[in-house]
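Sharing a structure below in structure tokens format, with a few things to ask.
Read from first to last, the chains carry the letters A, B, C, D, E and F; within each, the first residue is number 1.
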């Protein structure tokens, strides 16, 4: 079946579930009143629960995944960093983040029209990827808020066990502002399917170029991954790196974290469809099986390399699979999603177990090796698996109304994807470097040697994670 | 935009999604058959998943939040208490709780018409806050059941580490019956928007007075908080209180608990809207940002007071924020929700870190200082943030059909809120005191000194939480 | 109220929410285009979130429930086994499991028409239990995938602490193929309510016999439970069984696991309704209260037998209640669900605390005593509680169009249920025995004595769960 | 010099420390241990399997001190840790051949 | 009086305890420790980083006993804890200067 | 034979072990302990309640060795564990009456 018929059938569904429109056909540039009749409570529920799932990914999932991997004396610092980053990012998001990301402005960044959510209320709506389907704007804001919360939290793994708390919090505010919001705008901003035909240039830069990123491979993972690498290089290695053993203090916590990441990631990926329909279900299945495949393939690599598979390997593989399928989740077919999952683990393994040790950068929790590398694999892989010739979903041409399937050109798409990756690496890499540099000069990023030895839990927060 | 137009637009949505009504307009006092056409599966899904989220708040979230804060030897007792309270409360709820809370009776308590859920089946429906929108009655029962489960579980934190198990279970049954069900009835019972115009007095006492409590600030938090204070005063201090160090045995567990509380609380607050629409999304966003603000403001208070922020502080702040936004979650705007969050933490901090130490009551886990005080801040704050002049949602006048926005009077609302708080403090305070007194006389509430020293895990349950 | 009127009202709802049909009445054997208008996004959301909840049941819930009960040195092996079983089962499911389970073939097993999900795409649909209500096929695949993931994971508890990893993974692949998929097909496969009238024999064997299994009492619990018993008998007792104390290393983890199982089980049971309507809400309430009742009744049995209730008892009771209500969840009324919950705990207690010790089989985590025994209690109890005379939902006769309530015959149903149980016990018992035997001959199932003593964490995976 | 090893009930640690501090002994080392003795541990039952471990959590206090203080320290610990019930624990005293303060390298009683 | 300190393999604890009980020694104190020795610990690999700790979990058993029983106790432990493979552990014996039962204040061998 | 007991800072363990290995002492037993001493522990505050425990995590190293090596071992530990700041810890030395290797039953210095 071609992509085209898929979408024709999709349109049929649409018409049937929005009967008010049945007589008149889809409405171009609908009025606010018309839009109000284009909201389905099933979609609203889906967006709200997806938002809750993505928050679950940050707290407790990511905090536990990371925290379990550090030494006992730094466990609490990781929990605290993630918890506070989520809190601060949420405030920044509703204050200026949403406006800078999702209002019309330049191709690089949005405008100030919705600063502090002005103009948003319980009746305003946000567009989806289907003509004449809308969701409450607050639901969209909540969903996107969870993305702004988790992305900076991902970064901290790269320099875990050796960062001062307050400068880190300042970094997060600044990084969101000059790195994350612009990239989110470039990749995801557009005026929506009912309005784009009349305003074809009202999009973010990368969206306009046709870059495909279903749920945030570039915006979230490559973005955070490269920032982490820059951070760990600029902050330097941990005391005792390479000499002292630093076994994970609780793989139990890491496994809980990985499991909840998997569960929550359905909100992240299938929620990014913004509608509860067959495509969301497809993204769900893809997220499921790509992850499973990556867990299995990491285990197999370890079985071959070390003679036995480890839990840490399996869950790392699962996370790599989740990262890789993220940009492709709504574009791939289950079988190509499996291939993507099988492929990503050996590549990340190479970076985590070989390249890192060779180059001797101390990326404590492999934020670069898993999120950046896995994100790049996914971003590039998306160009392949999205091809309708391979059972993929292709893309919709939204410049016509109603939208129709575009003609897929895999080579061209590959180039576009690579450009998007490169731009993200550059923007985030440079932006992060400047921020780390400035903050280091002003406040110092690294705790004293004694504080680091004692552990950040006591030295930064005056607490221990455990007092058995 | 005024509240009024908000609701007009809301009505438009309603009409569009319930097309059968489009010709006829909303139906006053619809028949059972008519009602059957007023159910949206999106709402049903929302209520079911919200119910699951609120159960998650009790088990494991609250159990872990509390359990992590006690000494190892009492960890398991907290887990057990919360788990069994949930189980017992569920049985009490379907047996007589639902009937006493949500059927017509006196202004103080409901009647016996639905004892043991008689008359309820898979086709009966419950009203929402919108004209002509219904949900399956079982979904409403399930949702409210989770509230009846968590509220008594909140209380046990106040006298953790020193309570006998069986008398506590009896207390829960009695407290639900003479305290919780009446207060739930007083605050939340009414005959629904399609029927109230004809039966304007068929409401609970506080509902009739116009008290605003979106998701349970009085019913849940003030109610449980004051019961906890009474309990800890009557049971007395722990052995060694003030002399022995009692550091939290696992802040890791406490952080997991707080995170899951946050995630689950979206079901609690946004679910209390009973419908998946823009208002639910607003409650969701408010819950998100008020919590974030409170976590940040608690951390700042600690930074100022002690020179560094602690994880326990951050998560305590988050819970205080969740408590404070609960009654206001569907009334505030995001920016006023943030202000409420910023305000609640310093106030709770004062009680937890200063007042408690001054007055020397041993509220082990600060049920009073966080839930009761935070609940009062929220209940009173609701009168302010609900004001449409501040971007709030005001209230709907349901005595006319279809409902219209009422004229908001902040001063009057403040007085009403204070009355509701006072009544709850009194009713629950006195009711709890009587129950604790009677149960203490009959069974004794406190374990022997040896049992307390050994820890309740072994002495009450013959088990340890950990055998590493 | 009789079942009949319930379903009439249900049909009214249906008509109202699918207005395109209002003029024409329900459509027999609808075309693909017609079906496309029979999808409700509320249902789609419900199935997706239910799928996420069931995955949560496996990871982390079941892994923690089991892992907490073993000794520290084997904790990680349990986590790893469950995590990898889920991953492998997901791949097997989409590769050949879905086709073998849910396509037309023989009464015993499906065909190959959907191998590797061929023919499935984002527009294809799956039937529900209501005429003219469909859900995206991918959503159905995802939901059923989670069942295929958790069932083999349940088995491993029976021989925890003494199994080799790789042979276990091979067992899972083989067991799914020759045991699980056939039984799923026999119990759950049918051509759907709009097509069955024309193809009345296109069903699985047990479905055709009229066996009732709402959410998997036979397919999941009896099936896994008997496989576990066979496994633990064939693998033999742990070294030191009966001599060394093997107290649970972390009842905290077990309690977290049990709590998340409870929360996730709403997806399992109420999700099995495939639609978000009043029946799903009923299944939700039944799942809630049966579990609560079973937790309470286990605690009471312990109070009587040992003088105090234990947490392990309470959570074991809860799981037994969840197991027992599973097949009955959409058929019982809340009050009969409570009776079922009260009844199951003493029976499972007998097996776990008396029979096992008498017969001296080393079912490490009581997979047989809880899942198989509890599943049998539930399967047989279903025949009783489903009786409309006891407030149950009876069954629908789908051979007429539209479906009508069938005439309930409790004695006949009891016989049918017993036959289904017996067939499952036989099929799974024999199939599992053959598989264990063959794999033992080829690879050996049991680790060396030293490896077992050292613990599987280090010997199989080279890791420890904790390095405090 | 002597090395005193006391096995006490965990909740008596604070009392013992205060008693020793009163004698001018400020340094000590604490270990969590399990004790077997007359005191029977709780019988624990897990799903019907009984474990009667008679293993009881205790705290071990090790104090190095001058011969001059040793007897008084012994007595102080005995009194502070005493509850009169079974399982109160034991105190052992050994001869200490040498003591070194790592920071300074000082040896003998000044090192304590 | 003697203080016997035995470092043994954890799973041998029950055997050792039974052997000592058979001699009439009923009190003992147990500590979880880590041992370095000839026995090499597992090499653990975490995401490609190898940790070859050669640190092995052991259990330390401390028994105070009368001189009269000491040698037999030593032998009993040695036999009970023996598996014949590397890492079985060591037994050390020290002179015990004094012993006090905290509950009663009794001293000397009666205190044991 | 001597039994050397050193209480050191946890992060110095690797250094101490290397220093001892250099002397040919390959066996040792490690325990996690808590120390009270001059070094004040962190003041921890939990929701406004201050706990100034002055209890600091330390590691206890026990090494049995020949008289011949004992003094050098003492010195080696002192140097390896030294950071010059308060809380570096102590080393104690006791006379060891007997030593047995469980695996073989060997006694005396060969057993070490």
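Here is the rule we use: a contact is a pair of C-beta atoms (placed from the backbone, for glycine too) under 8 Å apart; a residue touches a chain by one contact, two chains touch by 3 or more.
Computed from a predicted model, the values in this text were never measured in an experiment.
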Any chain in contact with chain D as well as chain F: B, E
Other chains in touch with both chain B and chain F: A, D
Contact-richer chain pair (by C-beta pairs counted) among A-E and A-F: A-E
CA centroid of chain B to CA centroid of chain E, Å: 54
Separation of mean Cα positions, chain D and chain B [Å, integer]: 48
Rounded Å distance between chain B and chain C, as computed from the means of their C-alpha atoms: 33
Of all residues in chain E, the ones touching two or more other chains: 31, 44-46, 94-95
Contacts with two or more other chains, residues of chain B listed in rising order: 19, 40-43, 45, 49, 247-248, 256, 306, 310, 312, 462-464, 466
Touch-based graph of the chains, sorted into line, ring, star, complete or other: other
Chain-chain contacts as defined at top: A-B, A-C, A-E, A-F, B-C, B-D, B-F, C-D, C-E, D-E, D-F, E-F
Complex interface listing, chain A residues touching chain F: 240, 243-244, 453, 458, 462-464
Residues on chain B engaged by chain C in the complex (per definition of touch): 18-20, 32-33, 36-45, 47-49, 51-52, 55-56, 59-60, 63-64, 67, 75-76, 79-80, 83-84, 86-88, 90-91, 94, 116-117, 121-125, 136-139, 141-142, 145, 165-166, 253, 256, 460-468
For the chain D and chain C complex, residues of the former touching the latter: 44-49, 51, 53
Residues of chain C touching chain B in the complex: 1, 5-6, 9-10, 12-13, 15-17, 19, 22, 40-43, 45-46, 49, 53, 71-72, 247-252, 255-256, 258-260, 262-263, 266-267, 270, 275-282, 284-285, 288-289, 291-293, 295-296, 299, 303, 306, 308-312, 314-315, 318, 333-335, 338, 391, 393, 466
Chain B-facing residues of chain D, complex: 11, 14, 42-46
